[in-house]
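Shared between the two complexes below is subunit A, which pairs with subunit B and subunit C, respectively.
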Partner chain A sequence: MAAILSGLFYSSDVYLSLSSVQSTDKVAVVPQLRQFHASAACCKVQSGRYKISPKRDKALTYEMANPPHFIAHRKSWNSWDTTSLLEGQRAAETSVEDVFIRRFVSGTWHDQLCSEIIIKRQHNLIRIAGIIKQGLAARKMYFLIGYTEELLSNWLQCPVKLELQTVENKEATVFKYI
Partner chain B sequence: MSCPNLNSLIVQHLFKNGRFHSVWKSGRPVVTNRHSFSSEAKEIVIPKYIPRGPTDILEALASTVKRDPTGPHYKFHDDPYLIPASSHAKRTYALAQEAGRKAASWIKQEHADLFNQRNAEPFIEAFSPVEKLTETTPMTEDLLKKYIRTSQVANAIHVYGKLDSSEISSATKQSFLEFISFYNEEDQLSEELIEERWFRSGVKGMRDQVKSTWKSNGLAERIFSGLDTITPEAYHALICGMVKHGQAVGAWEHYNQMLADGFQPDLMTYNSILKISGIIREDGEYIITLINDILTSMAHAGIKPDVRSLNAALQSISRMPITRVAREKASRLMSDFKSIGVQPSLGTYTSLLKIFCRDKGPRSNILIDIVRRIEIEMPPIQDVEDVTFFSEAMKNCNYHLDDVQLAKRLHSLLSSSQNQVFIGDSYKESVYYRSFLLLLSRAEGPEAFMEMYRHLVPHIYTPEQNVFENVIKSISSSSAIQYVPELWSDARYFELSERDSVLEALLEALTCGSGPDPTIVVDKNDVDPVLATARAIMSHVNQVIKTAEEKDRTISLRWTGSMLGNLMKVFLQYGDLDSADEVMMKVNQLKNQLSSYFPLATLNIFVEKCIERQNSATALMAIDYAAEMGYENVTTMAQRISEQLKLDEKQQQKLSSILSNAPTPSETS
Partner chain C sequence: MSAIVNLRVFRNFQQFVSIRPISNYPTSFRKNEEIQKVDGDDEFRSLDLSPNKSLNMRSYGRKVYKRAAVHPPRSNKMPTDQDWPSVWPVARSFHPASVPLPLHQGWVVPGATPPGKFANAELMKIPNFLHLTPPAIERQCQALKKFCTEWPKELNTNEKIENHFPITITTSDYLHSSPSLRDARARIVTLQLKLSSLKLDSHAKDKLLRLVKERYNPETDVLTIVSERCPLRKQNLDYAMYLLNVLISESWKTEPWENEKCEADMEKYVWEGSQSQRTVEQLLQRMPDREKAMPEVIEQYARNVTRFHNEGEDAEKISDYKESVKKLLGLQA
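Showing the complex of A and B:
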């Protein structure tokens, strides 16, 4: 913790000294000490929460309807891996890969996904789960399954499996409208 | 540290409840404390170390997994929308997934620069894109060796062409000759394309005759003739390659040349020659002489034949035209090989079946002995022919022996988890299950048959049209009408519901019942399943024809007189007169377009029903149809109608006009 804090201070010091050099020519200015914020803290937390729409017609899935503090109570994690355990490895790589997988899958299955993409890692195996709508013919879905699995496993260099469930349309996964 | 305390607590607890005593009495002390355990401990015998292979644990795990008949094959997604039912869908989905894989590997090849990351440690070569052969690639012998090792035929040939052949070492030249003889100068379908191999080989397997695909005067033969010193190994490579790709005559010529040059053939070459001896010699006696000659020369050379020699020789014998001679020779060979300790494989049994059970030959029970033998011990897979055994044996059970008990024994052999590999490919699998289901439908009662049917269909096997028709007919002939609705829904599921012969068979089966069964439909509002099926079939056919007309497509499905007749019969049986009227309207509308006649008996019953409920309009339709078709008793029918039905003036006129237009019985006959 101490190391991180000192790092922060160090970088802000550098920033201050640079700005002071630019703004003044001959007048020697003692760099200002950084001050603590004195106004009331804004305790707003927004991430993972959805705003109510004016007409109250924004559709939410069950996963979206539950804010993050319900994780492990009403809903579960979207990424399952061991990076956050004691001596867990490749934490940074894993999260970057997860972002990549999510972007790749949602782009490949464009407008087909009706849920979040769940990524589960077990040993060297990556299982990608999701709910898709029955918008494509089954054989086209199989093509995309094969394509996604093969390309991702070549990229991530481990076996990748898709575990999909289908629903008739997107409305089937709507939990509530806000 | 808490263990002894806990133990003593449990002991106390048991004593208090008086249970400890009874446990002790039964001879199995469940809870003991440490002291008593150590005093009674026997000497621990550590079992001997069993050496295990690297895959033993995987094999042990695999042996616990069985084919689950209630779900789709593991290669499909377990989701109702994605589970295939018809055999066409199974094929399409599996191949579509593989096409996706192929597309991905194509992208990997085209954009190789995007696949440079190396995550795994140690790096796995299979994840990196294959290096491309370009103009600037230095052509070396090592590169050729690498391509041979990774079996890239086209690239290897390219590199060989660029190299100066005099500079290549003789060892590399030999391995290159072996390589292109084996692959016949063509790139093989990648090992990773499992599905494509599974479905493709079926087409190939249909041909019993070996077709010559060998490239005559190709690179292999040119390299061979260009060799400075011809070695026996070069002969071996060329002969084996020619036999593998069906060039029997060329192989035989080279074999003789080799003997003339004074070289000694090796085991594989001998096996290849044994395999083609049935092709190069046509007469039975000559084939036997040739096989004997080869086996004797093997004995002289001190080469011990193996199970492949046996299989090759038996394959040649199976080509012999006279059954008696072939049987004798096959028995001799079997006993000879047994005496030198060669155990037969499943491929051997396939050839024996072909020899002993000819289509028009006498009946032979050899399969019973074979099954008894492999029930005791299943031989491991040793020959390419081994995978043909089960389909051949099941065909034999069905067409030759007609023995359902034996078929079941055979099926239980195949069903054990380790033996799944013996099924071969999609074609052999469908031959196997087709024969099995046909035999069951003939030999079993409807209950036992349907139990097995539900086990196999639809996930393990989807019946083809003719098999499905046979199933319906067998159900219908045993009057097990309660299964017909299930078969109808299966027909829809297998995409067979637009085939008119299937619909004919289904409707025929629907009429075999004896009318409504009061035990099935207790509630008044419920519809009898048979009646519901008949209604469903009717609306389905109407729907199919309607959509085809709307979209201007030509389909083979048409209403026929017998289909409508059977429908009418069911509706009359179950007292659904509204639907019967509908059928009559259809008949009246189509009339001459019906490809077969509406049965007269059903028409008579219908007219009777019309009279009963005083429905003159539909009765007139029936008369109209009967008159048009020239049925003989149309006048008597008309008379009954005019006597017993109240007709208004218009209808009277119509009736008389129908009768006046109708041909008299003498004209039609």
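Showing the complex of A and C:
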């Protein structure tokens, strides 16, 4: 409410100043005022939150069912490292690497992942955890694990471990329907 | 005529039965999937040259394909007396099929059961200590024992340790979850020692305290030197030891101008060599009957005068001073 009021106040203020400039046409220097639209800030927060579907059949995992403000209360972080500690190092590099790892793993295991990709760092070791479907053949699975670990450790120049859990189908990870 | 020719062509086609699977080769995702499923373990698609009705005849309707059997979690078959450190030897993310515990994690509305251990990403996120059970730690300690040396028997008390090793060096190592081992804070070296272990005389101690200023803690008698100006820990350690050497040798030196210090320059009252001491001595010389005045009386007088000067004036100290003067002069009343 306060934001709306301040917005109204702003717009009326600008309007008044404009009218005063127009009425005194003897002023040589016309200030470069432009009319702008000032409205209340939209305080809507949408990221990480899901809308209820009409039929109430949208499947949510536990991760999706808890919006971001419940991190550290009902769910924990997807990236575990020491960059956010006091005088932690390489915060920016670590975040960019995490984004890269997430993209690479979700592309390599396309349509197989049933959960978020969890990246835990211990010293120079990177552990990547996740839940995948059981559809793949054992040999393909071994290949993909080795491929992911080998390429990522080559790019990031540190040992990478992939620690996967398999589920029968995607419905196994469903926490609730909204 | 034309019909017969057509038939012949058809027959010829029938003979090349091995063409069929190839012609079935992925035209759509579903077909690809079907072929894989038919091949059973689908490690490789085999090119079957022998006529096989189920493979080569076009079938209508959905086929039911068997999936590779998924074994039940091995935690079901674990004996209760198994050797857990060999099941979970090193740190790794939680895996529900390897942990024979009925775990649940997750927030639910009160009254409902939280999600179980299978397909539970929350359990995979949190760090676990399943590799650090007491037997595992005991085993690791046993394995490390052969690299350790015995603690010297003679150093059995803290006093002996302090006596033989008066200098304490404190450094910090920083471990990050990053590929780099470097941390600028690791270079800082803190050197601590008790001043009493240096065996300084009063002049040297006074001079040392003036040099080190706030680095000396009078309550614990500990001198602390922090060195962080060099880029490496070794250099900082050398610098701290150098500083200590210089401080001690400087404080033992007596410069010529230090003899010019008179009573007014003293930072606190000292009885020895003071005007008051000289006066008392002269007084006692003029009073031969008090010549054998007990040394403890003079000592008490000295103590009271020093306290009076150093700690400030109050009624108690004035009366003490009065008593000691009366004793010294042999006054009654």
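In this text, the second predicted complex is superposed on the first by the 137 of 178 C-alpha atoms of A that agree within 3 Å, B and C clash if a C-alpha of one lies under 4 Å from a C-alpha of the other, contacts with A are read in each partner's own complex, and residues count from 1 in each chain.
Assume contacts are C-beta pairs under 8 Å (C-beta built on N, C-alpha and C of every residue); 3 or more make two chains touch, one makes a residue touch a chain.
As the structure is a prediction and not an experimental result, all values here were calculated from the model.
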| item | value |
| --- | --- |
| Contacts of A:Q165 with subunit B and subunit C, given as first, second, both or neither | both |
| Partner with the higher number of touched subunit A residues, subunit C or subunit B | C |
| Which of subunit B and subunit C A:V99 touches, first, second, both or neither | neither |
| Contacts of A:Q134 with subunit B and subunit C, given as first, second, both or neither | both |
| First (subunit B), second (subunit C), both or neither touched by A:W155 | first |
| Touching partner for A:G146 - first (subunit B), second (subunit C), both, neither | first |
| Partner chain in contact with A:V45 - subunit B first, subunit C second, else both or neither | neither |
| Overlap of the subunit B and subunit C footprints on subunit A, listed as residue numbers | 134, 138-139, 156-158, 163, 165 |
| Residue ranges of subunit A in contact with subunit C within the complex | 61-63, 66, 70, 73-78, 80-83, 87-90, 93-94, 114-116, 118, 120-124, 127, 129-131, 134-135, 137-139, 156-158, 161, 163, 165, 167-168, 172-173, 175 |
| Contacting residues of subunit A [partner subunit B, same complex] | 134, 138-151, 153-158, 163-166 |
| Residues of subunit B that touch subunit A when the two form their complex | 77, 79-82, 84, 89, 92-94, 96-105, 107-108, 115, 117-120, 124, 127 |
| Residue ranges of subunit C in contact with subunit A within the complex | 41-43, 67-68, 70, 91-93, 95-97, 106-107, 115, 118-122, 124-127, 175-180, 183, 185 |
